[in-house]
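Note that chain A is present in both complexes that follow, paired respectively with chain B and with chain C.
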Partner chain A sequence: MDSSKASNAGIARSVPPASVGEVRDSVLEVDDFRLAFQVRGRDRNAIRGVSFSVGRNDSYGLVGESGCGKSTVALAIVKYLPRNAHIQSGAIRVNGADVFQMGNAELRRLRATTVSMVYQNPGAALNPAIRVGDQVAETFRVSGSHRAEALARARAMLVKVQISDPDGVMRRYPHQLSGGMQQRVVIAMALAHNPALLILDEPTTGLDATVEAEVLDLIVALRKEFGISILLISHNLGLVARMCRRIGVLYAGRLVEEGSSDAVLSDPRHPYTVGLLRAVPRWGTSKSHGLLDTIPGLPPAIGANIPGCVFADRCGLVQDICQQQEPQLFELDGGRTSRCFFHEKAHLLPTVEAGPKIASRALAVGAPLVRVEHLSKTFRQDGHPVKGVVDVSLSIRPGEALGLVGESGSGKTTLARVLLGLTPPDAGATIDIEGKALRPQISDRPDDQIRALQMVFQNPGGSLNRRHSVRRIIGRALTRLIGLAGRAREQRILELAQSVRLDRALLDLWPVQLSGGLKQRVAIARAFAGEPRLVIADEPTSALDVSVQAAILNLLVKLQADKGVTYLFISHDLGVVRYLSDRIAVLYLGRLMEVGDAETVFQGPHHPYTEALLSAAPILKGETRERIRLHGEIPNASAPPSGCVFHTRCPRFIGDICVKEEPPLAEQEPGHFIRCHHPIEELRRMQRPAPAPATVPGEPSR
Partner chain B sequence: MGRFLLRRFGLALVTLWLLSIIVFVAAHVFPGDVGRRILGPFADPAAVASLNHQLGTDQPILSQYWSWLSGAVTGHLGTSLNYRDSVASLLGRAIGNSAKLGVVAFVLVVPLGILGGIVAALNRDRFLDRFITVAGLSAAVIPEFVWAIVVIILFGVVLRVLPVTAQAPEGSGVLTQLEYLILPAIALVLVLFGYIARITRAGMIEALDADYTRTAALKGLSWATVIRRHVLRNALLPTVAVVASQTGYLIGGLVVIELIFNYPGIGYLLFTAAQKKDFPLLQGGVMFVGLVYLTATLLADIAYSLLNPRIRYGSAE
Partner chain C sequence: MATAIDELVALPARQVARRERLRLLWHSPTFLLGLVVVAFWVLCALVGRLLVPHDPYLPDLLSRLKPPSAAHWFGTDDIGRDVFSRVIVGARGILTVAPLATLLGTVAGTSIGLVAGYFRGIVDEVLMRVVDAFLAVPVVITGMLGLVALGPSTATLILVIGFVFTPLIARTVRAAVLAEREMEYVQAGRLRKENALYMMFVEILPNVLGPVLVEFTVRLGYAIFATATLSFLGFGIQPPAADWGLNLHDQYIYLTGGLWWPVLFPALAIATLVVGVNLLADGLAQVYER
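Right after this comes the complex of A and B.
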């Protein structure tokens, strides 16, 4: 076993090398912590011995894929575990006191004053039946403030988290706030008693990139101000690297690598970390740089008996010894550790998806596949018209992938639904496919048009019929779309399964028996059943882990190369959009703000809104752009701002003209359309990269 | 919220109107010649015609419906063929009695059911939870009349602690009346307890597992405060809706219970009206029960939306 049995060694290990110059004391020490969940009468181990510590005023990031035990560790720190959880051994100490030994009163004091927690989905974290002000005030009432004082302190706290209308927000109920505001309120409650440790479990997952950036900035600022230690949990390596000084990589309930963020990210020493890093499209790379690397297989289930290395089943460097004996924790230079026998050659991990480079298909030639002219879609909400999409004209070229980006509510999904015939557009729109008019309602469309347009959804589980086997799901699509039956259909099912890399044995399973990635493959196979011309993919990978996401992106790329299919690809992840798309269209409040080749849109000059979106994306390393932030909320679509709809948030705002006159979507360079009063040269001048700063902005100071 | 309630109110009115058509058709179109039915097959045709004229049953069907409906809206429900008394006053008396029984049963079962559900949820998967759930369900699947007989035999015949009829002697005081009502009420309680406890338990468990409950606990609040302030309020929301929907069930149960206990409530009255083919009384009674049922549901909707700010204030967008 490792050295962490002696608690001193445990601390010493995660203290940075002498270069830091001082020995930090720890706020949190997790010491060989093991936990099992009781399922069907048996204890199944989920946390298989985790040790790490977080220094005072330090920031520690815990990363790993879904199900590896991140949240369980976090909840154990405040001893708020599911009822079937069973702590097997180990200790968790906060400020030196063992949490597992605490009585009720002590535990309450710990939760009230020493450790706070913020988690994913702020909407659910707030009580829907209690006014925001009362909920925040309650935090102060715990410590004995009376009502008026508690309310005053709550208000002050809301000001601290930069809520501009604290009195209004206090009076509201949680559902009346946007996601970003809700998360601010949760953070306000968490920081109320100036805790020693703040645990953030996926604090921004599910928020828009622009909102995420604001929330992260806020956390960085508050951390400086209050001197709080943070434990940040995320599946997003880039985000953790930006926010934290140290990183621990968790896999199957085991910490497999630990070290400073810079070191782990730039020079990973565990094959799992290497795999995770390779699976994410590097900023600015596209499919023309080659396929993404993936991690084959799945993590072991809880309760699995693993005699050797936890990663052995999926590791490309595996040797016999890895199967027989668990590697000890190797202590490496620079205060890092790795739980791999072959840590020196982790970077030699062979790539899984060695494939040909796929040329970007900027096929400007020929007629467009789909042509959209003056498409608007107005909804009615409580008797008011709400414009979901406003006068969008766009063409999609055959064989290209058009990426559609914009914050939530910008009209991406509405546009997709109109194309699919699920929602009729307002009168006056024309939509053609291959020169033939497309009927507004799917029920009026001839078979060949239905076949031509297919969809892949975000939630792969929800879009598959739970009562049908995989074979039946794909078979029904074949019958419905191209009338296949009998042997021909069976043959085609096998071909489709083959083309989406779905093992034949899986065809007889039901969707519940498949992982998210496999379900998404089934959904893709179904979409490709009728040889579609255009496949609309709405956030197809955002519910998936990065390694699975990489496999799905690769699949989409290969299918495109093989079948010449055209994609309309919707995602909030700009790195992913850049990777897959040949061209990009940017939507804001239902209006197209910018359209152009993917590379041009990324390189700039960009529309000020695109600039802000790009600036909000978390980036791994070596960023040189000036970071700009969008403030305020997306305006309500039922009362859009006058003139340029972006003027209320625009960082490049000119003046009166932006308020009074809506700029046209003008072709500012060949093939590059921008809707802004600034001439492109002006944008180019303003957006020139600033001289590279030494450190990545937003990273906490050392 | 106003819009929401207005829609609900409109819906209730439409439902009531549809009910009136069904009741009217059932009572006027199917029986055929009403005068003949009343006077019997051997009566003088002239007498039948004159009775039909007197009852208005020789009028065209639409105008009959109209005059009945306009009467019903203003409270003139006609005269009972059987009791030779005005339907409105017969119903009035019977409803007074039923309401007493219903209220006693509700006052007993609602707090008991909610308490049972809360206790079960707080002891989830432990003995007490299993016991409450199983006992409640078993009690609910046994029909009212069986329970009625069981409690009569147990308390009235074996133990001899409570009277076996429900109707207290003329002029007895409130306490005596209550004493007489306890047995029939218990039979209703036994049937309804399981439903209310189960819904409360489900609501409680959902709230206990919710993120906001975790947030509250992690503020350092005591568990009792977490339950009281954060869990109960959200958990009881679905219970409100269920309790109201049980009103209809209660009315159905009342018919049986009132018959067995020989209690002159609305159920008893409706039953005899149906038996005696007393159509005016049956129509009026059914309409009235419909009105009570819809009012209860509407009140539950109002209570639900008052407790639930999401409905009260609409959403952020």
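Right after this comes the complex of A and C.
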């Protein structure tokens, strides 16, 4: 009872008083919308009853994992549905007009002027053969502007989306712009007719965190300036929470919980939301705080017949009634709703992973496992040298997890490929493993070195041969790496499958029959086949849903604890890197900017670049950090800036010295290296400490 | 162990891709029509001798160049042989040469394409320039040169047509391999230090079989046409075989006299077989290249 009182107080605090309960003059109303896809003559339910509304000048976020129907809802708003979509019931009203009753002309007008959409991949939204200026101008010419006038308005629009060189950008083709710039152009086109509603479907998913932060800031600024309503769709709870006043959580085509962002995040009232929030590594927590919680099972398939609650099969609080009867929409205090019979005690959802806390096995002293000295890698591009990695010296200690972070193009993957022998480094580099020199080409390496280094790839779909069975994939690695055959190999396959928690019945399946998380387990089993010393994991969870990501991270942590393997872990998600890593190395334009213990690097003082990366990461709550924005894109590696390569974007820029002189990577504290002209005390003074780890919402107070 | 179950269920919605393809083929009118036409001619090739009303090789000088009638459905040719019977049994020659030649070209072309696409660099350059050189010369000219040099026989015909088709198939397969070798499973193979033969034939080849199969059926259509053309020119299947191309060669001089039947029916046979094979190819392409 105590905890429920506490949470009620929390709601009262967090809901803006003006909006409690009442539906204001709303731009978008989705009313008990149900949709099925007809496959082979059968209706397969995809959207099982979704109702929400977006008020004028309001922001609404729709969150859910892949396959839950987020994008289908978005497309239904402009009635842009595949031919086999069958609207079963409900209505979607934009400015009061029912979209499903509209004729073609009305729909066209709706899409052209009232509702605009921005999709995930800006590169595909722009026509590659038309200059940016003409493309933006076209949206004005459609509405009858003359060419000159349309171009002028296009330019004004590009200025509005904060493109610094609008004339230059207008002359360019889309492929000549970076992803962030492309997305700005798409947003400019979406806003051209001052729409009433802007739908953003995963608008920043393919972008770097720093660029993402800029695009999101832009959206917030534009919303205020234009007074448009926003419907933001994302799998990322933190992002949605930051951007939107209200959020709805979608699961298996049903809105399971709705309410103001603060309330839903701090006091979720549906077990699914609770599970989802617990699956994300909290800002600043690491594996030493314990395993992540996961949501067991899989979401129901599209078309599944569910008599009761959609989440019942995966819910730790399930009772008989949940399986038999569909829970109604419970109206809670503060204008919130939850579709759970037990919304009162959703926070009591039992934890799935009650494992022991994992102590790091990394040894701070003693010989490093891998030692890299003066490693550079120069590519040739159109005859010009492009430096992918510049003079990196680094050691990886046995049993540790070293996290490698940096924006795309910072050389993370190149460094990994050089270690693996897939790309030879420039002359002059030395790489040792256990004191023995590692040959630059994989074809020259002896078998024990081949076994020592293995990799887990980002995309589990691509890293498994789709024409080989799981047994064959794992078995081949055993044959090649440790020469097993027959009985012994079969025995080892079963052991490996067991160690990655893969049921033996799955061994005879093909990759297409497995979900993303299961595929990644197979890939991990393969990487561990030869008892490797160092496993390089390149974004191993970025293609996976949040709840699956948690399970894979737990698996990696447990495998490390069991086998004492060393990880080099590459990820753009700083929360994930912090969770898994003992130490963190930060790369920028191929140069090491900072290396140190994960906690030290996160707590600061840190390099200004690290500071900016941390600042850009969306976090769930308790944001007390000073926000720092990096402006512009990562410079072209073929013409890096002089002096400190970061000076063009540095928020702590000093002056001449940064332009002229490259600072050394100096050991500013024991074991903490920073490449900056600022002394560490100066950095400490400028940077306030990061917030302490937030408590897990929905967890019973102890 | 809780994670043991968390995603354990293999997704019921995702059926094995192969079964899905078969189902799609079975529902494709294009593919089915092609299948019926081709199956008819294959049947004729296999057991044609048993089906025909007359001996296709027996001349009957008393009924030369008779128009179609109840006794001779397609009429008779210049030495009185039954055109219908000759069309039916004529399927055998062309349906021996064309598939074998295409198979030869596919095997050779696939190997070359795999090697060029897998190794890239100088190997690719050399192989592909040779391929370009062959592609620059018309197929029939190359074929005729080869047949003149080796002497016409069924074996050389297969060899020559297979040879001229090799570069085309090599190019298609190379393109598929180039896309495939960027997949991460190929890198995973390199990390196990797999040798090139294993990578090409065990890892990559199964993944490019779709395009190879489509290319095979497309080429088969062309091979039928090439066989008929070379036979018509006198370089292919030799007399007294009832081959369609050869028949055209023997009979087309009578066209000017208004005697159309000894020419029309073999020509129609060639046309239906080519169209049938192309329908099959279209159906396969639709399913594999979706």
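The definition used in the following text is that the second predicted complex is superposed on the first by the 663 of 702 C-alpha atoms of A that agree within 3 Å, B and C clash if a C-alpha of one lies under 4 Å from a C-alpha of the other, contacts with A are read in each partner's own complex, and residues count from 1 in each chain.
Everything that follows uses one rule, which is that a residue touches a chain if its C-beta (ideal position, glycine included) is under 8 Å from a C-beta of that chain, and two chains touch if they have at least 3 such contacts.
The structure displayed is predicted, hence computed values, not measured ones.
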item: Contacts of A:457 with chain B and chain C, given as first, second, both or neither; value: second
item: Which superposed partner A:632 touches (first chain B, second chain C, both, neither); value: neither
item: Partner chain(s) touched by A:466 [first = chain B, second = chain C, both, neither]; value: second
item: First, second, both or neither for A:173, with chain B first and chain C second; value: first
item: Touched partner set for A:443, first chain B, second chain C, both or neither; value: second
item: Touched chain A residues, chain B compared with chain C; value: C
item: Common ground on chain A, meaning residues reached by chain C in one complex and by chain B in the other; value: none
item: Residues of chain A defined as touching chain C within the complex; value: 294-298, 301-303, 352-353, 420, 422, 442-443, 445, 447, 450, 453-455, 457-459, 462-468, 476-477, 480-481, 501, 503, 506, 509-510, 512-515, 517-518, 523, 526, 548, 551, 554-555
item: Chain A residues within the chain B interface of the complex; value: 78, 80, 83, 108-113, 116-117, 119, 121, 124-130, 138-139, 142, 173, 175-178, 186, 189, 381-382, 636
item: Residue ranges of chain C in contact with chain A within the complex; value: 1-14, 16-17, 183-185, 187-188, 190-194, 203, 206-207
item: Chain A-touching residues of chain B, taken from the complex the two chains share; value: 3, 124-125, 210-212, 214-222, 229-230, 233-234, 237, 307-310, 313-317
